[in-house]
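Naming follows writing order (A, B, C and D), and every chain is counted from residue 1.
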Amino acid sequence: MRKLIFGRVLSSFFSLIALIVMVFFLSRLTGDPAALFLPREATQEMLDNFRRLHGLNDPLIVQFGRYLSDLAHLDFGESLRQARPAIDVVLEGFVWTFQLAVITISLVAFAAIVIGSIAAFRPGGVFDRFTSVVSLIGASAPDFWVAIVAIVVFAVNLAWLPTSGTGTVWHWVLPVAVLFIRPFGLILQVVRGSMIQSFGSLYVKTARAKGVGNLSIIFVHTLRNAMLPVITVIGDQAAAMLNGAVVIETIFGFPGVGKLMIDSILQRDFNVVLAAIMVTALAIFIMNILIDLAYAILDPRVRT
Amino acid sequence: QNASKDVTIVLGEGVDLMEPCMSTRSNIGRILLQNINETLTELDITGGKGLMPRLAESWDQQNDKTWRFHLRKNVKFSDGSDFDAEDVKHSIDRAMSSKIACETPRYFGSSKITATVVDPSTIDITADPGQAILPLMMSIVTIVPSSTPVEFTRNPVGTGPYKMAAWNVGQNIVLQRRDDYWGEKPQVAKATYVFRTDPAVAAAMVQTGEADIAPSISVTDATNDKLDHAYPNSEVFYLRIDQGKAPLQDKRVREALNLAIDRKAFVGTLVPAETTLATAMVPPSTLGFNKDIQPWPFDPDKAKKLIAAAKADGVAVDSKITIVGRSNLFPNVLEVMEAIQGMLKDVGFNVDLQMYEVAEFERIYSKPYSPDRTAQLVGAQHDNARGDPVFSMFFKYHSKGPQSGFSDPKVDKMIEDATGATGDDRAKKWSGLIAYLNNEVVADILLFNQVGFARVNERVTFKPTIATNGQLQLSQIGFK
Amino acid sequence: MADHLLEVRNLSVQFHTAGGIVKAVRDISWHLDRGETLAILGESGSGKSVSASAIMNLIDMPPGEITSGQILFEGRDLLALSAGERRLVNGKRIAMIFQDPLGHLNPVYTVGWQLVETMRVHGSRKDEAQRRALELLTRVGIPSPKDAMRKYPHQFSGGQRQRVMIAMALAMKPDIVIADEPTTALDVTVQAEVLALLDELQNETGMGLLLITHDLGVVAEVADRVVVMNAGEIVETGTPAAVYHNPQHPYTRKLIGAAPGRGEIHEPSGDGEPLLRVAGMTKSYGAFQALKHASFDLQPGETMAVVGESGSGKSTLARCLLRLEQADSGQALWKGRDLLSMPPKEMFGLRRQIQMVFQDPTQSLNPRMSVYDLIAEAWMIHPEILPKDKWRERVNELLSQVGLLPEHARRYPHQFSGGQRQRIAIARALALQPELIVCDEAVSALDVSIQAQVIALLDKLRRELKIAFIFIAHDLPVVRDFADHVMVMKAGEIVELGTAREIFENPRQDYTKRLLAAGLDPDPEIQRKRSEERERLSA
Amino acid sequence: MTMTQTLEISNRTDFKPRGAIRTVLRMLWRDKFALAAAIFLLIIIACAVFGPMLFGDAALSQNLRSRNLPPFSIKNGWLYAMGADSLGRPLLPRVVAAARNTILIAAGAVLCSSVVGALLGLVAGYSSPRVSNVIMRLADVIMSFPSLLLAVIVLYMLSPSVGNLIIVLAITRIPVYLRTTRAEVLEIRQRMFVEAAQVMGASSSRIVFRHILPMVIPTLVTIATLDFAFVMLAESSLSFLGIGIQPPEITWGLMVSQGRQYLATAWWLAFWPGLAIILTTMSLNLLSNWMRIVLDPAQRWRLEIGGKSNG
């Protein structure tokens, strides 16, 4: 097991390098940050000056070498826009995003697994149809629409919750709730499908012959067998959230990394983009390693 | 502390820097300008008082190039140090320095600015070549203490009535009133700035009382007459005509384009009812604005005739024309662009619409233009709240201007002349240029003087003005 | 109303399928008393397992349907119980041992956990349950039970899994145990132990045992009464002796007549170039050596029977030969080429020549493919064998050769009985016309009449087409009828290897002798004498 | 020879299933939800095929006088039954005409990503650890590559077009399919029927496609149906970059995002296209659930025996 983890960490490190190289060179194909940072009316002199200050005049490969050697000293460079270390900028946002992702995905996973499993127990039954329809409407409704309606209803009309921002626990309720909806629908459906398949297995009969109760049959015997695709999809959704929940962040004024990343990409603040990608990639890689370990834990036959 | 003297202001755009020399950027200026950092002079755009003293009590012209400024005494920076001519010199040097990429230099064009300290309360500022409106220019140079390093700062220190108390990145910025401010003590004790990109949310926050002022909400959210105020936001929306490509070189075609658009139909529908039709690149409050020029009428029949005439002369009126737009330029830019496209199609033009994000748009908007582009109409907004057309005309119309769509030696000459002139002469020259551009060149399709909407909570008094886009002086906020 | 422990009255069960209604059980009635052993004997597919499932309420309804009848347990109708009441009965009062243990054990939980759970469900304390689980595993003869508790089902041999199932069923000392072919994968020595264990428990607790089996020897050994089923109906009931000596129904007569172990012993056809020469094949799982230096030769058209203790490495040997498991060392020369080290490409080319019938038939059939597809897949892979227009005809032919009907071709694996699935697997192996078939307990789930038919078929193929067989079996009479050579395995080693005659008439190893001595005779009289003899010896 | 001849099979005919299409239709008939879904999807497809032809012009006819006309009134003609948008264009023909681009893009992106993802996942799950590792790390990289950056890069290197839009959308969705497929393959390949197929000499591709893939497909289809909704909405957010659909071409996603700012004043602008997206997704999902049952022989009885529900 230790060897497995070591191997994964090593190969993930290579992916990270590949990612950096790709992002570094590809992103620089997308235009000049000077033109975006400086006003339209900037003089040629100002442009030249800006490029010189930020080392944008050197050949790309030189810039890359410099970047790598800085990186080796854990220096992720300065943010063009914010005039401070890119990694600080990113970590500030990432902390929020990480919390949001962990809270939401835990709730989603719990709710989707419980409800999906119960729905799968009687496919086509009332509970199944009801949960499916509700969750599908949620999952395919535009998220900004849901977010704004939620604000209008719960913050403006009912005045139960703050509209947006951060500060108290109550500020988390709407963003988490809105963010919850789409992954919930997806994971619910995957759980449901996978569980239906597993309910047909013979070991379910054994469990019933042993007198095991329905709940235990669902959540102990069948669920674990059905979990492989489920945790994969949960992982995918978690990764998407770690990359930032842009709509939520923009609408609720939530200082996460998603909007930061978008702004940085649109403004060509490459150091921030790279730092953000590295931080989220690291989180995603770690999560993927955990998921692969989870496969082995969940299903002994996969341990080879 | 009286909580009711605190205000919360919700802004649409976050800030990445709080750099005084970047306060010409509206997102920074709105928080910083005249609240934290002050300038030597200040332009009163709406009150009609013209250029007013701020940190300079008076000024006079020494010669073509040099102006002398007499500075206010007994002014302290928020860090406790005294304000004197050295600070002004440092501020100017810093803003013009090539060690940092301040925005200030662009307003001075090719002029070199030097400051010479005469005594602690007097300073000479020289522009070479000369700047006829140097005192006006000083309304954009923010003053920082001489101890400020020449690098971008995130913690501005100034002489203004407020100082920055906290910056929780991504969440808010807090300004605290200073007790040792030289001027009149403003009513607002503490101002908290929060950032919401979505204007609907910003509007909702004022409605629920979470915020007091939302300076820019979208027209569609401005549904509450009691709370919402329209104000001209100094942006002019226009389509640049690219005269480098057929069929746009032909004046008749350009006229036809202008005639084909029913500008009035937009007002009160797609753009707010308070919107006025633009007749120049600059808003009416600008020096030398030509009030005689009427907006182009809507006359599709005449447009069609002009096109036919051009066609008869062998102009390729059927070639494709692309309208280039920028996403999120203003709330319903897409619909406005579609409507324009529809109107142009109606008179027989072959038009496409292509919307781009900022970076790609800027690439198209500024020179060098791609040689293999199709004929283009580039929809852009231009903002000039500085009171003088010089900040616009060169860039948009001079043949060397980075965003000009044509090259006309006469126009070049007129711009150069006006730039050097002063007083009434200056106003007249700008007027002449504006008329010439509209009547003879038909340089672009001028559309609207845009308006913005602010939502203001009933507990505070605040009147948004044309300046609100670029600055929001807390001292102008009162309580009921 | 006599108060029997369990009474089945006029039970009928049917299934809805795409092809129509299958009446699996038709109006059967029998009863079971305390301390009694009732054997249900019958043709494969005659409804034995279905009626057992009906008692346990395990039939999926729909597509299944109990059209009539009652199942009275201590006078209460089980079919009328609520789900909650059922749960108290299942596992605690009535327990079941399933026919096909691999599928019936949850693959993702350890065997220990599954055993403990049975007891926890019915309220045992955890440590108590754990202790008892260990004890049970020891009782059913699982080697190193402590480790076994932590192992997963796929890490056991077929027979071991079956014993785990037995342990699980016995955990709560239920009033009734329904054992569906509990010893099909057990060698005779272990089988004897298991039967003894059941007997012991019966004496201890007065439990009623419903034993579904096709092994007349087992019936003779343990049954108090016998019910014979055919095509969903009961055709005969009585004591074992009465039924054996005086069968009334033609099917019963055929069954008894077909009991194996009475034919000629084969004589090997003589030496020649061996088809397969295995030398020093070794395989370990971690520290455990499952196969130690196996070496033997096999001639074309010859049958090598592999017998031996459950868990002795028979399946491992087969799996290594077929490269389903990578052997650690050794050689297996197939016509001179080494199967074990051959590059995968070359192995591909040879696949067709060597076929296998797996020990757990259910799991070896793709549940999404119809029987037709399962069999015809052979020709899709190897189109040279048969032109497409002949497939249907040939599928029908193969099905009837193994005792199935053409219309079965449209059904899916889950719609068959255990024995029927085994026959599908055999038909599939035959479809490829291989040169060697490895049969891992290929006929163990078949009733003797069909078994005889299948063995006759295999024998014919061997003679006519010179197909060789590696025939893993625990059923010595069948081995005696079919094998040329016999190989006896114990703890991963080949302890004895010789011609059938040598082994059966002149066993050298003690282990072999014990194996032969533990065999059960279908004749209840003889069997009774034998067991009395055994008891006297051990006393 | 003994034969088991006694089992009753009510209609024993030849082996050939009685017309595959009829069987499928019958099974569809049995699940009324799926039937409704199928009909709805057929309508959508009809809209996609004929919509632009029939309603293309009506969808573009601007009329600022009927701007934001509320729905449920046919004073202005039945085309305005769903109301009009902010340029006074009737919404009903717009929704119908938008079906083509929407379906084209969504189906294109979902198909590309699921096919590529599933193929790579099958390879990763079934081939040697080394190959698998390479593929999985590639998936890691894609997963952490921001889709917006990808979009911007594509925009800068290639010209804006629907094809590029599909590529951008597809690439970012590949990892889900890839990882899910692999996870399932890892488990399924351990099953004995896969070994049985190996013994028969089935090639890897046959095992993967005939034996493993059918078990994975239901899960993939479930994910794909929901991705459909995701892609339909995400597409519009890329339009603002200049990739893909540009007005006056329309998609539902674009209509929804254009209607966004009118949520408070004219909810119908975003509502109808949003409803179309929701209904399409829901129909796809109902159909995929139905298909899951059809494909699983152990479940199929639910659709084969009429009338009775499960109990």
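By our rule, a contact is a pair of C-beta atoms (placed from the backbone, for glycine too) under 8 Å apart; a residue touches a chain by one contact, two chains touch by 3 or more.
Keep in mind the model is a prediction, meaning the values are calculated, not measured.
> Which two chains have the most C-beta pairs in contact?
Pair with the most C-beta pairs in contact: A-D.
> Quick one: point me to the chain whose Cα centre is farthest from that of chain B.
Centroid comparison gives C as the farthest chain from chain B.
> Averaged over CA atoms, how far is the centre of chain A from the centre of chain D? Could you give it in whole Å?
22
> With chain centres taken as the means of their Cα atoms, state the distance from chain B to chain D in Å.
Chain B and chain D have C-alpha centres separated by 47 Å.
> Could you work out how far the Cα centre of chain B sits from that of chain C, in whole Å?
Spacing between the chain centres: roughly 88 Å.
> Between chain A and chain C, tell me the centre distance in angstrom, where each centre is the average of that chain's C-alpha atoms.
So the centre of chain A lies 50 Å away from the centre of chain C.
> If I count partner chains per residue in chain B, which residues reach a count of at least 2?
200, 357, 359-360
> Got the chain D residues that touch at least 2 other chains?
Counting only residues that touch two or more other chains, chain D contributes 152, 155-156, 190, 215, 263-264, 296, 298, 302, 310.
> Going by the contact rule already set, what residues in chain A reach two or more other chains?
Residues 30-31, 144, 148, 152, 200, 266, 299, 301 of chain A touch two or more partner chains.
> What are the touching chain pairs in this one?
Result of the pairwise touch check is A-B, A-C, A-D, B-D, C-D.
> Would you tell me which residues of chain A are touching chain B in their complex?
30-31, 35-43, 45-46, 49-50, 53, 79, 81-84, 89, 92-93, 96, 144, 148, 151-152, 155-156, 159, 162-167, 250-253, 255-256, 259-260, 263, 266-268
> Given the complex with chain D, which residues does chain A contribute to the contact?
7, 11-12, 14-15, 18-19, 22-23, 26-27, 29-31, 122-125, 129, 132-133, 136-137, 139-145, 148-149, 152, 182, 185-186, 189-190, 193-194, 196-197, 200, 228-229, 231-233, 235-236, 239, 243, 261-262, 265-266, 273, 277, 280-281, 284-285, 288, 291, 295, 299, 301-302
> Which stretch or stretches of chain B touch chain A in the complex?
14, 16-17, 19, 24-25, 98-101, 103, 105-106, 109-110, 151-154, 169-171, 194-198, 200-201, 204-205, 207-208, 210, 357-360, 362-363, 365-366, 391, 395, 402-403
> For the complex, which residues does chain C have touching chain A?
Against chain A, chain C makes touches at 53, 56-58, 83, 86-92, 95-96, 98, 100, 103-109, 117-118, 121-122, 152, 154, 168, 362, 414.
> Mind pulling up the chain B residues that touch chain D in the complex?
By the definition above, chain B touches chain D via 199-200, 218, 220-221, 223, 265-266, 269-270, 327-328, 331-332, 334-335, 337-339, 341-342, 352-357, 359-360.
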